[in-house]
Amino acid sequence: MQNQNKQTNRSLLGKDRVLAAALLLATGSVSAEYGLNFPEPAANVAQEIFDIHMMTMGIATFLLCIVFAIVFYSLYFHRKSRGYEADQEFHNSWFGNWSWVIVPVMVLGVDLTIAGKADAVLKKVWDVPKEENIMDVKVTGHQWWWEFDYLDHDIKVESRYVPEEESGDLYLREVDNRLVLPTGVKIRFLHTSADVLHAFWVPELAVKKDAIPGYVTETWAELNREGVFRGQCAELCGTWHSRMPIVVESVSQEKFAAWVDDQKAVKIAAAAEASADKTWSMDELMAKGKPLYETKCGACHQATGMGLPPAFPALKGSALTIGPIADHLNIVLNGKEGTAMQPWNSLNDLEIAAIVTYERNAWDNNTGDVVQPADVKQAR
Amino acid sequence: MSTTTLSHDEAHHHDAPKGWKRWLFSTNHKDIGTLYLLFALTMLFLGGASAMLIRMELFMPGIQMLDPDLYNNLVTNHALIMIFGAVMPAAAGLANWMIPMMIGAPDMALPRMNNLSFWVLPAAATMLILSFVVPFFPGGGTQINTGWTLYPPLSVQVGMSMDFLIFAVHLLGISSVLASINIIVTLLNMRAPGMSLFKMPMFCWTWLVTAFLLILVVPVLAGGVTMLLFDRHFGTSFFDAAGGGDPVLFQHLFWFFGHPEVYILLLPSIGVLSHVIPAFARKPLFGYKSMVGAMLAVATIGMVVWAHHQYTIGMSLGAVTYFMIGTILISIPVGLMIFNFIATMWRGAMTFETPMLFAVGIVLMFTFGGLSGVMLAVVPADMQYHDSMFVVAHFHYVLMPGAVFGLFAGVFYWLPKWTGHMYDEKLGKLFFWINVISFNITFFPQHFLGLAGMPRRIVDYNMIFTEFNVVSSIGAMVFGLSHLLFLYIIIKTIRGGKKAEKRAWEGAKGLEWELDSPPAFHTWTVAPQIK
Amino acid sequence: MSVKEHSGDYFIPEPSPWPIIGMASLLMTLFGGALAMNGVSIGSFLVIAGLLLFFVLLYGWFRDVIGENLSDCYNKQVDTSFRMGMFWFIASEVFFFLTFFGSLYYIRNIALPWLGGEGYLGVTNEILYNGFEAVWPSHGPGELGGDFQPMGAWGIPALNTLILLTSGATITWAHWGLKIDNQKQLVWGLIATIALGLLFVGFQAYEYGHAYSDLNLTLETGAYGSTFYMLTGFHGFHVTMGAVMLMAILGRSMKSHFSAHNHFAFEAVAWYWHFVDVVWLGLFVFVYWL
C-alpha cells in the first residue's frame, strides 16, 4: 500500500515502468514495486496463490520462448529466398509418424505438473477450516456499497466510496468506513448480496468470491501483517460498479478489540436515541436526514434529488414524495421488486423518519410534512 | 451418383440473375458468401467503433464522455457485435464461398435455406442495434449495462432494451443453427465422388466440427435467454432464490454455450491456417489426421469445461478440480495443432505474402493468448485474475489472432480467387505490420492492469492504473485506424489489379484452385472425380 | 488430387423470395413481441401481422418445394440432403429441451438442497433461511405464488402418455399403409394421429385450467411452477406444431402426393412426431412422476 500511495505522483508512462514491463516479459521476473504484478500478499492463502501464479507464469513464459525460438529459426532458415528446398517427405519421417503421440505426452507432462501443484494449493486454500473459534464476517454486496456484519461481535459496518473531492488520489480506492480485521485470526467471510451479483476482491488477501443474492458463499483468510489493503468489486453490478471499493484495515488483535468496543458504544448510543419516545421537530429531522439521504440514497437519486433518469427517478417533485406519506414510506421500507430500489427496512425508525422527512421537504418539495419514528413503526 | 437429367432448363443456366433480385433472393453459395462477408465487414466496423469509444473513455481516469450505463451498454454491444456479427458471419461467409468449391459440389446442399440463414442475420443485427438505441427514446427504459454475459439479476433490472437483445439472440441462434445444418449436410452429402472424409480439405473438417458444436450449444443459449425472458415478464423464478431458483443456473447455461463458442470462433481460422501455411511453405500440411483428431478432442473436451468461467461462484473442491484439470488438458489438442503448424513450416520453402504473415502472427500470438488461458485455468490463481483486465487481455489475444487474424489471412488468401485480381501486396504487408504491432501495444499492457488490481467493465479507475491504459488506448486508436487500410485494399482489389491466375499462389493445393479466378457463377455442375 | 469429369446433377432452386420474407416476418414478430411485453400497444398488432406473414411464407415455401418434387426435380441425393437436414434440425431441438431438463435437474437436485441446508452451499440456510426445508415440489423460501398443490401423475398426465404412445403407433400404421400403397390406411392412420394429438392438447389445456383454478399452481409458483410450465408448455407447443404439420401431410396424402418410395415429407413429420413423443416420456417421468 505505501507503494500505491507513492505511485500516484509518478509521471505518465514512467520510463521505469516500461522498462520493468520489458524485463518481466524477458525473464518472467517480477517487481512488485512497480505494480506490474500482484501486490505483496498479506494473508497465508494469498502467499500460496501468489506462488502458483508465479510458477504458471514462469512455465508459460518458458514455453512461449521455446515456440518463438523454433518458429524464428524456421522463418530464418527455411525460406525460399535463401534457396531452401521444401522437404516434401518430412511428415512421413519417423518423427512425422509419431509426433502425434510424442507431443501430447510432453504437453501432458507439463499439464500434470501445473495441475498437481494447483491441486495441492487448492486443498489448502479452498475449504474453510472447520474450527470452532473462527471469526465470522458476513459480507453483503449492495448496489453500490458493502455491508460487513461481524457476526461474532454483533456490529455492522457500512462501507461506501468517498467522492473525489475528499479522497483525492485515492479516489475509487477509499471508503468512508473500512473493514477492520485482526491479524493472526482465521476469518471466515460469508458472502451474499441484497440485489445483484457483486464480487469481493482484495488482491492482498487473494480471495475473490461472488456475492450471489439468495445464496451464501464462503472464503477464508488469515492476515499475517498489518496494513491497509485496497480492492474493488469485481463483478459487474450495474451503473456504479466502478464505485464499490473495499478497504481492509489489518490491525493487531489488541487494536481490533479496542475498535470493537468503540463500535459497540456508538451503536448503543444510536439505538438509545432512536428508541427514545420523543417527538422530533422538523429541523432536527431535516438536519439528520440530509447526511443520511446523501450517503444512503444519493448514489442513485443524487444529492440534488434529480436522480439519473431513466435508471433512477428524480425524487424532486415525484408523485410519491409529494403524495401520500403512506405510499412514500411503503416504497422506502419495501423497495420495488425487479428494480434497483431495495427495501430499506434495515434502517431504524428514526433514520427512515429523518430521510423521508428530508425527501418531502428538500429541493422545493416543501410538503411541510413531518414524519415521526412512530409513524414508521406503524408502517412497517 | 444418379444420372437423371433435369427437365427444368433453369437448373442449367449458368449466368447470374440480374439486379437486386440476385442479392435478395439468391440461392447461389458464392453470392450468399459475399453477402455474409460484407455483413461481417460492416459489423466489424460497428463493433470496432464501439471498441474505440471504450478505449477513449478508458484513456484517462475519470468519466470522460460516457456515462457508466452507456459505457457498459457499449461493452455489451461491442462483444455481441464482434462475436455474433463479425467473426461468426465472416467464418460462415468463407464456408459458403469455399466449401462447395473445395469439395467439388455445385452449391450448398440446401440453397434456399442458405439464403434464409443469411437474411436472418440483418434482422438480428437490427434487433441488436435497437437494443442499443431504444433507451435513447422517451419511455425506452434503462440501458443494457450487463456485459455480453447478461447475468441475472442485473439483466432482470434492465428495461425493455433487454427484450430486444434477447430476441436478437434468438435470431442469431436461428441463423447459426440453420447455417450449421446446411454445412453439415453439404459436407456429408455433397462431396465429389471419391472424396472420402479423410481426403476432405482441412477447412471443411474444421467447419464440420464447428457446425456440430453450434447445433449442440446454440439451443442451450436460446433456452437460457428464454428463461430469462420469462423471469423478466411472466413471474417465473428460474434465477431467483426466493422461488427456489438460482442466478448461477443462468451462468451455467450461458457458459455451456459460451465456452464451446470460443472454439467455434477459433476453429474456422485454424482451418484457414491449414491451407495458408502449406501453400506458402510449399509442402503438405503436417499431421492431417492428428489435426482432425485434435479438433475432435478440442470439441469434446470443450463441451465439458464450461465452469472455468465461474470459479468464483462457490463450487465444491471436487467440482473446481474437475473443471480445472479438464480445462488445462485442452492445451494438449490445441498444442498439437500449433505444433502441426510449426512442423508444416519446418523445412518448408517459405515465402511471406500477406496471408502467410498473418499465419505466422497467429501461431505466435495465439500461443501467447492460449498460455495465458492456461494460467487462468489454474483455480487458485484465477481467484486473482477473474474479472480483471488480465482476462480481457487473454481473450483479445486469442480472439484477435485466433479468430480475426485467421479470417484476415483467409480473405487475403482467397481474394484473388473471388475477385480475379491480385491485391496490392505492399499495402497488404503494411497492413499486417501496423495491425500486429498496434495490436500488441493495445492488449499487452492490459495484463499488467489486471495484475495490479484493475477490474474489467469499469468506466472509471484510480490513477494508479493510468499509464498502461494510456498506452493501451493509443495502441487501440492506431489499431482501429489500420482497418481502414484493410477496407481500402479490399475495395481496390475488387475494382482492379493484376489478373489472378487459376492457381493464384504457387503452392496452393485443392479443387478451388482448378477453377477460374473469378469462378463461374455455377461451378462443379459436373462433379469432379477424385482418385 | 487429380480431377476427372464425372457427370452428375444436383437441383439448385431458382432465386426465391421466401427467405427474405421469412426475415421480415421474424423481425416483425419479435420486434412486436418486445414492444408488446412492455405495454406498447402497437406491439401485439405487429406480432399478429408477423405471424400471418410467417404462415404465408411457410405456405409459399412448401408449395414451391412440393411443386419441384412433383415435377421430379429431386434426385436421390437431394432426398438425402433433406433427410439429413431434418435429422440435424431435430438434434438441435433435442438440445433445446435438454436445457430445460438440465435446469430442472439443477434446481431440484443442486440448488434447492443448498437453500435447505445441504451440500456445498448449505451454509446459506443457516444464514438466510433458518427453518426452510427443501422438499420438491417447492416454491422456494420466499413461498412465491402462495400455497399450491402439485400436479399428480396418474390422472390426466398418465392418460396423455397413453394417448401419445397410441398416436406413435397410429402414425407408424399409416406409414405401413403408405409403403404398401394403401391410401386408405394412410389417410385413416393420419386422421387418427391428428385426432389423438388434438385430444392431447385439449387435455393439456384442461389440465392447465385445473392447475390455475383449483391447485393455485401458476407460472409464479416458484421454481416448481416455472419448470413445470416451461417444460410442458414448450412441449405442448411442439405437439401443436406437429399436429399442424400432420394436417398438411394429410392434405397431401389425400391428393396422393406420396408414393411408396418417395415420401420424405411424410417421414420428416413422422420423425418429428416421434421426437415429440419421446420428449413427453421424459416429461412424464421427470416432471410428473418422480
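First chain written, first letter: the chains are A, B and C, and each begins at residue 1.
Following the convention adopted for this analysis, a contact is a pair of C-beta atoms (placed from the backbone, for glycine too) under 8 Å apart; a residue touches a chain by one contact, two chains touch by 3 or more.
What you are looking at is a predicted structure, and each value in this text was computed from that prediction instead of being measured.
The touch graph of the protein chains shown is complete. The most central chain, judged by the distance from its Cα centroid to the centroid of all protein Cα atoms shown, is B. In terms of their C-alpha centroids, the spacing between chain A and chain C amounts to 44 Å. Chain B and chain C have Cα centroids separated by 30 Å. Taken residue by residue, chain B touches two or more other chains at 141, 159, 240-242, 246, 248, 314, whereas all remaining positions touch fewer.
In chain A, the residues that reach two or more other chains under the touch definition are 214-215, 217-218. Shared interface positions of chain C, i.e. residues touching 2 or more other chains, are given as 114-115, 121, 141. Those residues of chain B that touch chain C in the shared complex are 1-8, 10-11, 17, 21-22, 24-28, 104-107, 109-113, 115-116, 118-120, 122-123, 126-127, 130, 141, 159-160, 163-164, 166-167, 170-171, 174, 177, 180-182, 184-185, 188-190, 192-193, 199, 215-220, 222-224, 227, 229-230, 233-238, 240-246, 248-249, 252-253, 314-316, 319, 509-511, 514, 522, 525-531.
The residues of chain A lying in touch with chain C in their complex are 138, 190, 192, 214-218. Residues of chain C that touch chain B in their complex: 1-20, 22-24, 26-27, 30-31, 33-35, 37-38, 61, 71-73, 75-77, 80-82, 84-85, 88-89, 91-93, 95-96, 98-100, 102-103, 106-107, 110-112, 114-115, 119-121, 134, 138-142, 144-145, 218-227, 229-230.
By the touch criterion given at the top, residues 114-115, 121, 123-124, 127-128, 141 of chain C touch chain A in their complex. In the complex of the two chains, the chain B residues touching chain A come out as 61, 67-69, 72, 135, 140-143, 145-147, 151, 153-154, 156-157, 159, 232, 240-242, 246-248, 281-287, 289-290, 293, 312-314, 317, 320-321, 324-325, 328-329, 331-333, 335-336, 338-340, 342-343, 345-352, 360, 363-364, 367-368, 371-372, 374-375, 378-381, 383-384, 386-388, 445, 448, 451-453, 455, 457-464, 466-467, 470-471.
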